[in-house]
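Next up: some structures, all given as structure tokens.
Both of the next two complexes hold subunit A, though its partner changes from subunit B to subunit C.
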Partner chain A sequence: MTQARVPLSELEIDALTELLNIGVSKAATSLRDLIGTHVALSVPHLALLSREEAAKTMTEREANALVGVHQSFEGDLQGRALLIFPEAKSLELVRAVAGGDLSLEDIIALEHEALAETGNIILNNCLATMANLLKRRVKISLPKIVHGTGETIFNIGDTSEEGDSALFLYIDFLIRDRDIRGYITMLMDMPALFALRELLREFIERTSGETRAE
Partner chain B sequence: MSDENVKWPVLGFDAVDAGLAVLDRETRVRAWNSCLASLTGISAELAMGKTLEQTLGAEISPRLLTSLRQATELGASSTLSHALHPSLLPLPDRLGRPVLHNVTVTPIGELGSYCLLHVADITSIALREKVLRERQNARYDAVVDSAPDAIVTVDAGGAIQWINKAAESSFGYASAEVVGRPLAALLGVDGLGQTLRTVLQGAALARPVEIIGQHKDGRRIDLEVSASRWASHDRVFVTAILRDITARKLADRTLRRLNETLENIAAERTADRDRMWLLSSDLMIVARRDGVITATNPAANLLLGATDDRLVGSNIRDLFMEDDRPGWDAAQEKLTSASLRFELRVTASDGKLRWIDWNAVAADEFLQAVGRDITSEKEAEFALRSAEEALRQSQKMDAIGQLTGGIAHDFNNLLAGVIGAMEIVKRRLHTGRTEDLTRFTDAAIGSANRAAALTHRLLAFARQQPLNPQPHDINELIVGMDELLRRSVGEQVKVRTFLSPSIGLAATDGNQLENAILNLVINARDAMADGGTIDIITTSTKVNLRQAVSMDGVAPGEYVCVSVKDTGTGMPAEVMAKAFDPFFTTKPIGKGTGLGLSMIYGFAKQSKGHARIESEVGRGTTVTLYLPRTQAGAQPIAGEAVLQAPSGKGETVLVIEDDASVRMLITEVLHELGYAAIEAADSRGALPILTSDARLDLVISDVGLPGMDGKKLAEIARQHRPTLRILFVTGYAEHAKVRDEFLSEGMDMITKPFSLDTLGHKVREMLA
Partner chain C sequence: MTKRVLIVDDSRLARMAVIKGLGQLRPGWTYVEAANPDEAVASMRASAADVAVIDFNMPVRDGLALAGELRELHPDLPIALLSANAQEEILNRTAQLGATFLTKPLNTAAFGAFLDTATQQ
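Right after this comes the complex of A and B.
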């Protein structure tokens, strides 16, 4: 899909990665405060893909069932954000976050809420930090848990037309000696993406201006 | 009240079954519904206008503050779960139970102005779930925790979600170490992945699957897996029961290996046996119990000159040489499963007889015989035996030669003395020179007596010499020999005596003891060619049981010892070991009989005593005789009684003796002593006299008579004259040895040669 190729320059990608890294590190701090143990989150890589490409990449990487925390945002920035894990890892994540010697049944019972809140913290921090740094307002919905596969998970809760682009991020969790890799995906339609590019350019200009001023 | 006046949103707000509050950017309460008032116990009136912290009177958690700020400032909605926040808001307990609640914060109104705080009481739901879960868990835990088998629950991704205690011990991992890890990789379980996929897809396992697992320490574990799928909250799990069958598998493998090994061994052994059957040079024959041959090996065929076919079917008995067949019959009867060994001859194909050493067993209706050809061994053995026999014969001849040579030498010396003296007497009588004749007759008698002593010694050696053990004072006996001994050893050798005074009396034959001592002294002299000292020592000693055993089994008790000790050359151990052997001598042929020490030994043994030799080369030799000490009070025999023989009173004596000169001598003596003597040469001459009524007071009869012997004659005589006194004369020690059974009441015996005085005394004694 050619229209998926919204031209984000390398600099703009870098800037976006930087923004998200700040957001993720804030999320790490929040999680640490919440569960009382060191949490390391990092975004090693960011890619801008079409939704199909994102789905394909997801499928290649994760053959099994996936679980996602889904939040939509609207305002100056518009789209949907997904924090995705292999379903197999989600219980581990819950166990890591909830801690203690919970039985499997307890973990299962708590899974939904614990996962939602964990995703909520990460996504809120990413989105809010991004909006804040871009000096824009967004309204972010409450999180929802979604299940699916690499093929289907991006279509869930989708109300927009096909042709969305996906900001595809890898995210590494390191909690209580457990290394859990997940994915953050922001699905935005063309206009939203163009708006993002404008905001990024403003941000870069502002930031470099501030740098020059110093 | 009309509908227009009703504030529906307010009513609705209050009616919602969830705690709701509207807060501004400073968390000041702008709305507080009744449900929240009920949950917090704080009325809307009290809450309105105050910050949330002031309202609740408690510190607000940073997470909630962040959420509130994010909502009002950034427009972000947050959810705060009881799962991660056990007590987010200080809600009072109802009936002592905590109020479990979830909180959400959402921005409302103009962006950046207000947020809605939503508090959901989920206590009853959570509790109901918890009760259900616990009830289920209680049953479940009871089963799985006590289960001996490892039970593992994995999720759809194959990650371990739970393991029981048995699994912990089976695999060596703590639960925390493995939960969240993939089962297959962690436990080294091969093939479980496929099983899991199968089960996850909903297919039931028809039967348990056997897989191989790995313990934390690397040990292999054989497992039997049964698994089933279950679901919870839309999640699929597989719980697998992993039964450790390592021990069973090991036993199976061991048994299988054992079986294989046994088969191999059996095969190898059969092959070995076949090879041995074919290669053995021993004859191998298998036959039925009745002897009919069923198989023979090539060695048997070769020796017996037959093909297998010809031997098979014939009877094993026919193989043996005819003379040996009874031997086979006897062996066959005795045959059992224990091997029996026997030697029987067979006729070989070349017609020659072969000695075969057979080893046979009988088992399971068959008998197996293995035979080894020992003909050449037999021949060698026979040759050896012949050679040995020849050697023994030659040795015997040597010994006899030495003996007869020695005896002839001694006898010649003695005869020379007798003959010489008698010739002088004869010449002097011819010429009428009768003075000084006694000197020569004494010399003749002396030589003859020594000849008698020599024969005695020979007989003593043969242990056929009847001894006459009497109590003797050994010290006195030695003192009496003093002159004789000194003269015997010559001037270069000094003889000393050390006689212990109270040694008591020894039971022995005085004459033989004198002979023995003389012999020892002469041996000692011969060992000291350059002169030296001979000590004759008497002692007494007590022999205990232990010592007695080492002394060829003499009876324990008190003994009188006579030692003859020289300072001569001594003898090496190997000579000493043979010193008592008959015919052993270190002297050249003709110089001695080689019987000296052996005769002394024989004498000591016959006296129920012992002889011991001690010697050291260069230091000398000591020979000690042990003679049993006898009861004090027994009258010692004082030296030779030189009493004049008592005279007879005309009693009639029948003399039966085939040797004319002996008969003449006896008759002559009897006449001189005043007896009437009748002569008979044998039974033919004697019987008429014996059966007659003529007066007979005594019969003196030789035992060994031609025809009827003396014993038989005496029996006949006794039938006629039951009280007739009979004195036997014998030169055969055999008779003397059995004198007690030979002689009955009124009978006695005298041994040749005897002195005439002795005869006179014996006759007088019997007629007394």
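Right after this comes the complex of A and C.
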């Protein structure tokens, strides 16, 4: 991964990674409440990649069809958050969320709604936690669902407006009892990343009690 | 009585947050930092700290695994596990190890209560 292009200092990357970690950890706690079984999380990975590279990275990790729940956020923080997992596991996730002994017909009928709801809980929780820690507000759109390859998923939205580079942050999660795994990723373009850098500097100051070196 | 705290977190910023809290609550206490479980175990073997504050989500092995190892080495060591991941299984395993669960971001009052308990030991 091309980390050298991230225009953030080591401590700023550390701060961003920790923010995502706290956000996703809180989201996992909510997801656990929803499905009643433990959700294991990886440590976060962060890289600045082009959309093409992000899609390639995802395709290398997951060769089969994917489903993504995505929400854009705007305000003091801008970008797009995605919850991605193999499409083959989509119905299993619906079963985990809806619970009970549903027929396959019911599960298929509920798929869209359950995916949107799961994505909404996880992504909102994560984004709201991050915004709170940064002492900023974000407006989060309603969840949308996309089926396809890594390429399809990373090319949603207005790509000309969002730019070609993307901050690609991801955490993978695993629901062992259900054999469901997935990724939580965040995409931000360069201007949004520079705005975020300022907020990270303030956050570091507040958290560590240290004033800026610059 | 002055005590020495072992602070384990792969995030430097998260360690800084604990150090800041410790400085406010127990200005006279000292601390030692470790960026991963191996460093923490080596540090404890070289010179045992009186209290340990451990992050949960770390690469290679998590904070609960480390807490278990430290518990074997030091049965009476006051240990706090720090995480935003408050899932029941993690809370239960923390309690089984006789450790205290502290929420991230660190809450000063909760951290103070843990340090009060640690002081009495």
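The rule is simple: the second predicted complex is superposed on the first by the 169 of 214 C-alpha atoms of A that agree within 3 Å, B and C clash if a C-alpha of one lies under 4 Å from a C-alpha of the other, contacts with A are read in each partner's own complex, and residues count from 1 in each chain.
Everything below uses one rule, namely that contacts are C-beta pairs under 8 Å (C-beta built on N, C-alpha and C of every residue); 3 or more make two chains touch, one makes a residue touch a chain.
It should be emphasised that the depicted structure is a prediction, and the values quoted were computed from it without experimental measurement.
Once the two complexes are laid over each other on the shared chain, residue contacts for A:Ser25 go to subunit C alone; subunit B is not touched.
Ranked by how many residues of subunit A each touches, subunit B and subunit C are led by B.
Once the two complexes are laid over each other on the shared chain, residue contacts for A:His38 go to subunit C alone; subunit B is not touched. Judged by the touch definition given at the top, the superposed model places A:Ser9 against neither subunit B nor subunit C. Shared contact residues on subunit A (touching subunit B in one structure, subunit C in the other): none found. Residues 10-14, 16-17, 19-20, 23, 56-59, 83-89, 104-105 of subunit C touch subunit A in their complex. Against subunit B, in their complex, subunit A makes its touches with residues 30, 33-35, 64-65, 71, 75, 86-89, 91-92, 94-95, 97-98, 103-114, 116-118, 120-121, 124, 127-128, 131-132, 137-143, 147, 178.
Chain contact summary for the complex, subunit A toward subunit C: residues 11, 14-15, 17-18, 21-23, 25-26, 28-29, 32, 38-39, 41, 43, 129, 133, 204, 207-210. Note for the complex: subunit B touches subunit A at residues 62-63, 66, 70, 74-85, 102, 104, 106-107, 111-112, 129-130, 133, 136-137, 153, 155-159, 161-162, 179-180, 232-235.
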